[in-house]
Each structure stands twice: as C-alpha cells, then as structure tokens.
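The block underneath contains the structure these notes are about, expressed in structure tokens.
Letters are used for the chains, namely A, B, C, D, E, F, G, H, I, J, K and L, taken in the order the chains are written, and counting of residues starts over at 1 for each.
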Amino acid sequence: MPDNVYKTVEITGTSSSGMDDAIANAVSTAAKTLRNLDWYQVVEVRGHIEEQEVIHTQVTLKIGFRLE
Amino acid sequence: MPDNVYKTVEITGTSSSGMDDAIANAVSTAAKTLRNLDWYQVVEVRGHIEEQEVIHTQVTLKIGFRLE
Amino acid sequence: MPDNVYKTVEITGTSSSGMDDAIANAVSTAAKTLRNLDWYQVVEVRGHIEEQEVIHTQVTLKIGFRLE
Amino acid sequence: MPDNVYKTVEITGTSSSGMDDAIANAVSTAAKTLRNLDWYQVVEVRGHIEEQEVIHTQVTLKIGFRLE
Amino acid sequence: MPDNVYKTVEITGTSSSGMDDAIANAVSTAAKTLRNLDWYQVVEVRGHIEEQEVIHTQVTLKIGFRLE
Amino acid sequence: MPDNVYKTVEITGTSSSGMDDAIANAVSTAAKTLRNLDWYQVVEVRGHIEEQEVIHTQVTLKIGFRLE
Amino acid sequence: MPDNVYKTVEITGTSSSGMDDAIANAVSTAAKTLRNLDWYQVVEVRGHIEEQEVIHTQVTLKIGFRLE
Amino acid sequence: MPDNVYKTVEITGTSSSGMDDAIANAVSTAAKTLRNLDWYQVVEVRGHIEEQEVIHTQVTLKIGFRLE
Amino acid sequence: MPDNVYKTVEITGTSSSGMDDAIANAVSTAAKTLRNLDWYQVVEVRGHIEEQEVIHTQVTLKIGFRLE
Amino acid sequence: MPDNVYKTVEITGTSSSGMDDAIANAVSTAAKTLRNLDWYQVVEVRGHIEEQEVIHTQVTLKIGFRLE
Amino acid sequence: MPDNVYKTVEITGTSSSGMDDAIANAVSTAAKTLRNLDWYQVVEVRGHIEEQEVIHTQVTLKIGFRLE
Amino acid sequence: MPDNVYKTVEITGTSSSGMDDAIANAVSTAAKTLRNLDWYQVVEVRGHIEEQEVIHTQVTLKIGFRLE
C-alpha cells in the first residue's frame, strides 16, 4: 500500500429534516469541488430555533479526502 | 444591532423515536416557560436499555435564548 | 439498594440507514454476549464515503451493564 | 414510559469536611427550591487554603431534575 | 466560614467594542435579576461577521453567585 | 524489566458511603475475575438522588492490569 | 430557508495591540480571498515574548463562511 | 485591590486513607517550601492496587499561591 | 457491505525502544487472544524514569476489532 | 540549531483594565525571576465580581522559557 | 515585526515506518502546494492493522503557514 | 509505603531526530537540576518547518518527581 496522504476540511451541513440529512448535505456539497472523499467525523451538532420550534439542524463534519 | 445578552440552559429531552425527536421534545418543553429561544447545541447523547433493547434516547442540549 | 457494580464496553455499530439504526445495531450485537445491559453513551460518530456519497454511519457507544 | 424532559443546574457546594459532605450540601440546598431531583455529576473539585491549610472543599455538580 | 453554596448560570454578552466590553455587558445584565454575583469564567468567544468585518464579539461566561 | 503489556477495563462502583468506598467496591469486584490488577484512574463521578437526598455515589474507574 | 452549507477555515491573526486587534487582522486577511464570511470562534490565544515583554498576541480563529 | 500575580504548581499527594487525606498531604507538603498558598484544583485522581486491593490514592492538584 | 459491528479494547504496550515499538508490542499481544484486529488509536503516551533516564515508554492504544 | 529545552510555568495575572493588561502583568512578574521568556499560551480567563460589577480579570498563562 | 497572518490545514500522513516518517510524509506533501510552511502540531495518531500486525501509522497534523 | 508526595514540571524537549530523542533530551535536561525523577507523560507534540522540511520536533512532557 502506498503511503497515502489525506487532507481534512471542516464543513457544516444544515437541514430541516434532522441530523442524517444534514450530514448528507454537507458531504454532497463537498463532493462538488473535492475528489476522493473518504470519511467524515461529526465534530458538533447545533441548530436554530424560530417561533419556539427547531428550524434546522447544523452538523459540522471533518471530511477527509485522499490527496493525489 | 443592539448589544443583546443571551442565557443558556441545559435541557435533556428523551424519546423512543431517536435523536431528532428527543431534540424536538427538549425544545418544545423549554418553549413552555422561556421566551425568545434562539439556538441549541448538543452536549451529550445517552440512552437506556431494557430487555436488551434501546428503550429511549436522551439528548442533552444547551438551549440559548435572548434576555429582554 | 445493593451496591451494584457496572462494566462499560466500547462498541461501534454501523448502518447504511443513519445514526439511530447504527446505535440499535451496536446494542443488539452487544446483547448477544452480555447480560443486564443498562445504558449507553455516544462517544463518536464517523462514517465512510464512497463514490462521493455516505455509505454508512459508524456510531461508537460506551455500553454499561451490571455485573452479577 | 413517557418522554420525560430534564433540566440541569450547576451548583457548587462547600464543606470543611471533605468532598462527600460538599456534595451533600450542594444537593440539600438545591432541594429547597427544585423538585424531582434525579442525579448529579461532579464537574470540578477545588478548594481554598488559608494559613497553609485546606479551609474548605468546593465541589461543583451538575444536578438534573425532571420537569413537570 | 459557613458552608456557602453557589449556583452558576451561563450568560453570553455581546459587544461591538471587543471582549472586555462583552464581558461587562453579560455581568451587568445578570446583575439585574441575580444577587450576590461572585465570579465569572470565560467558556467561549465567538463573533459575527457582516460585510466582511467583525460586527460584534460574543463572550459566553459562567457566572457564579452565592445562594442565600 | 520485560516489556509488559497491560489492559484497561472501565468499571463503575457504587456506594451509599461516598467516593472512597465506591472505588473500593469497583476494585474488589474487578478482582474477582481479573488477575494482576495494577492501577486505577477516576474518569467520572456521578450519583443518584431520591427523596431529595443523595442515595448513592457512582465512581467510574479505568482499572489497569498486566496481561500474562 | 434553503439548506445552506458552510466551510470553516482556521486562521491565526497577530497584533502588537492585543486580542481584539489580532481577531480583526485575521478576519480582514480572510476576507481578501473568501466570500460570505459569517462567524468566527476563538480556538487558541498565544503570544511571543522578546526582551521579557509581550511582543505580539496570536489569536487562532475558526472562521465560517457560506458555500455558494 | 492591587493587581496580584499568582503561580500554580502541580503536586500529587498520596494517602492510604482516601482522597480528602491525599489532598491534605499534597497541600501540607507544598506549604513547607511555598508561601501564600491560596487555592487548589483537582486535576486527576489515580491509585495503585496491590494484592487486589487499593493500596493508596493519588490526587494531583494544581495549587495556586500569590507571588510577592 | 454488511453492517459490521466492532469492539474496542484499551491496551498499553511498553518498550525500551521507543513509541513505535511499544505500539507493536501492544498490538502483537492483543493479537494472541482477539481476532480480526482492524485499527488502533493512540490515547496516551507515558513512561518511567529510573536513575534519571527513560527506562521504558508506555503507549496506550484503543484497538478496534470486528465482532463476528 | 541546537536542541533547546524549554520549561513552562503557569502564572495568573490580574488587572482591573481587562485581558490584555492582565497578560502583560503576568509576563512582567515572571520576567523578574525567570530569564529567556519565549512564549505564552492562555489557559483560562476568570474574574471576580463585587457590588455587581467586574472588579478584575484573571488570565492564567502557560509561559515558556528556554533552559540554559 | 509586521502583523503576520497564518492559516492552518489538517493533513494526515501515513507510513509503514512509524510516526516520525508519517509526519515527514505529511509535511512533504503539503509543501507541494503550499508555501511558507512554518509549524505543525500532532492532533491524532491512529493506524491500520492487517493480518494481526500494524500495517501503517497515520499521524494527523495541523500545519501552519504564513499567508502573503 | 510512606505517603509520598510528587511534583510535576512541564518541559519541552526538541530534537532533529524525532520524537523519542526529543523525550530523552527533555528528561536529561530535567535530570540536571531535579532529583528522584519518576515518570513522564506526553502532553503535546509540535515542530518547526523551515525550507519546507521538518527542522525539529518538540515534545512537551509533564515530568513527575518525588519530593523529599
């Protein structure tokens, strides 16, 4: 196995449909400009509240991808 | 923008339907007695197990609201 | 109440259906070999990405059970 | 089991008789104004020193109680 | 010295004049409704950016006060 | 000195007599099934409250023992 | 509200005029190459000392901006 | 009040009589060579086990004292 | 890919030849009794000093393995 | 470059003029007895409140200096 | 000294020759596309195990470089 | 066993030969002025980069020694 090198970027996805969807949004946005996405790690979950209800969930991910 | 001041309270919501629902329960309970809820942050996710199955999920939130 | 003693094990469940399902998979696997499961705490959420999409979610739990 | 919601408050008890007594003082003071106290977690242990001796121990607790 | 008991609340002050002023705003707002304020500890410093400039600083404090 | 290898397990002891006794209970239970216990480290102190009083203290330890 | 996605970068600003100025320097440098800056969070404060005096303050920020 | 300056040292006290006594031992040893001791904070609790029983408790403190 | 489940154990390897060798010792000892070892993560590096020199390095790993 | 060795001490400076001044006070006091001061890192910001106003700010620094 | 501004990126280097070599691989890969590299900080050490042996070490670094 | 008391100092060793050598340099420098060195714990690994290569590794240790 070659000695791969990876870079990590921190991306926050938001969704009005909960945590799993916010993660998917973050990853699909990252996929538009970065290649070889490999893994993610959740680093923070927050959200905004309006009119006394949760309006959207924000999940911050570290996303790792292989450098070529 | 005026120099707003916020207070944070720590609330644990529980649900037998998973994390997103536990968050919603925590926020809706806080909304009964606190005004101007603005954001939340997840600080812990735990749960209880009975008869070898997950019975409910407990999500502890910091919930921030604007002081008047 | 007797002075119970508990042990904690760290288990990582995976699922292609999101976090709540990954937790359930971790607990049901632990339940095959450990008795008296009592609580869990989420310690890490990660996942793998293939073909630029989330393939599965990995939730690492501390699972506590009562020693007899 | 209903979907209970809990609130956590942070209380610091002090005692000249050591940590266990400081915890008891924190809980008994909280019990005067809050109902349905359920659990505590130690978040910090400090103390003051006077005349080169420990004068009192301060134990800071998160105390959780069920909201009605 | 009696065995004093303290409570801690978490307050976020904001200011367009920097960190020290945000702390002062948080404390003076807390002082309107809480007596016997005794100490604070900074737990987070954040801020908002608009038009590519810092608009205000947000300093989150734990503020401790003696319970009577 | 040979290159010893150690394993750590996480055990929670409970006691109605305070922290030191909870630690002793955790260690004596671990000693029933594990040999060569060597050290412990406190990782968490919690407790349950009933009828507005501390009912028992829970001390979670990492306990290290030498593998043969 | 659309499901916005944000990226976070980590920038260290320095200043011989203290913390608030170091934050402003970090943000104004980031603003030269990144659009839609939205918030920052302080992650570390360090500084260098020369001739036994503080020469400059270094404030490391996470700066978040909206991806288009 | 003058602008006092404090120094913190890290001291580990041991005792075969539990945590409170280990703290007292750490402070009384520090008091032999340092003046103006003012406060302590517990940073770690460990212990050694011999013959399957707790032999002594080690409590590591940060001890603060005023510089003259 | 099936929904694999992993368990993590915490093992401390020691070596008089430095960190890399201590890691190898921890893994090779774990391999004697556990199958399907998959990854490790370093959680602590400590060591003992005798006669004023480093005698051995202790590296504590979390080692993950797939449950069958 | 020779293989320099540094020592770190933990010093708390106080000031009634805010954080930057408290840092300067800590460094100038350390400079009276320690040579070759090189860097500092902020580890905690606290303060005291009297008569419902901030009386002084306490900034705790790790200060590093080169050993000769 | 001008008020320099730095950016930090997070890079994971891998090596079958241990930690020091993994760090060197991370830095030399970063050096291909970034100028003015200045410092690094280790944030995580992990590794993969195959056939019950360590196959490679992964060291994740924050690498800081001066912005021009 | 007497109730020993230990002090911990924080020392940063540097080396152009990697982490293990930096640790040895820190310990041997500490041994020049402190007696009864007993253990160390790694608290941070950093390094400097010049001409796009790692110039030296800095390992910060807590070093514990027995007080007499």
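Everything that follows uses one rule, which is that contacts are C-beta pairs under 8 Å (C-beta built on N, C-alpha and C of every residue); 3 or more make two chains touch, one makes a residue touch a chain.
All values derive from a computational prediction rather than experimental measurement.
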Report task. State the smallest step count from subunit B to subunit G, taking one step as a move to a touching chain. Result -> 2
Query raised in the report: Rotation angle for the CA superposition of subunit B on subunit J, to the nearest 5°?
Result: 120
Query raised in the report: Do the two copies subunit F and subunit I share over half of their interface residue numbers, or under half; same or different?
Result: different
Requested in this report: Scan E-J, F-I or B-C for the interface that duplicates A-K, counting it as a duplicate when over half of the contact pairs agree by residue number.
Outcome: F-I
Query raised in the report: Between subunit H and subunit I, what is the separation of their C-alpha centroids in Å?
Result: 31
Query raised in the report: Approximately how many whole Å separate the CA-defined centres of subunit B and subunit L?
Result: 43
Requested in this report: Using mean C-alpha positions as chain centres, tell me how far subunit A is from subunit B in Å, no decimals.
Outcome: 22
**Report entry** Multi-partner residues of subunit I (each touching 2 or more other chains)
**Finding:** 9, 19
Query raised in the report: What pairs of chains are touching here?
Result: A-B, A-C, A-G, A-K, B-C, B-D, B-E, C-F, C-I, D-E, D-F, D-H, E-G, E-J, F-H, F-I, G-J, G-K, H-J, H-L, I-K, I-L, J-L, K-L
Query raised in the report: Which residues, counting only subunit F, touch subunit C once they are in their complex?
Result: 9-16, 22, 25-26, 29, 55-56, 60
Report summary line: So, in the complex, the side of subunit K touching subunit I is made of residues 18-19, 44-49, 52-54, 57
Report summary line: Residue set of subunit E touching subunit J in the complex reads 19-20, 23-24, 27-28, 31, 37-42, 63
Report task. Quick one: which bits of subunit I touch subunit C in the complex? Just the residue numbers, please. Result -> 1, 3-9, 62, 64, 67
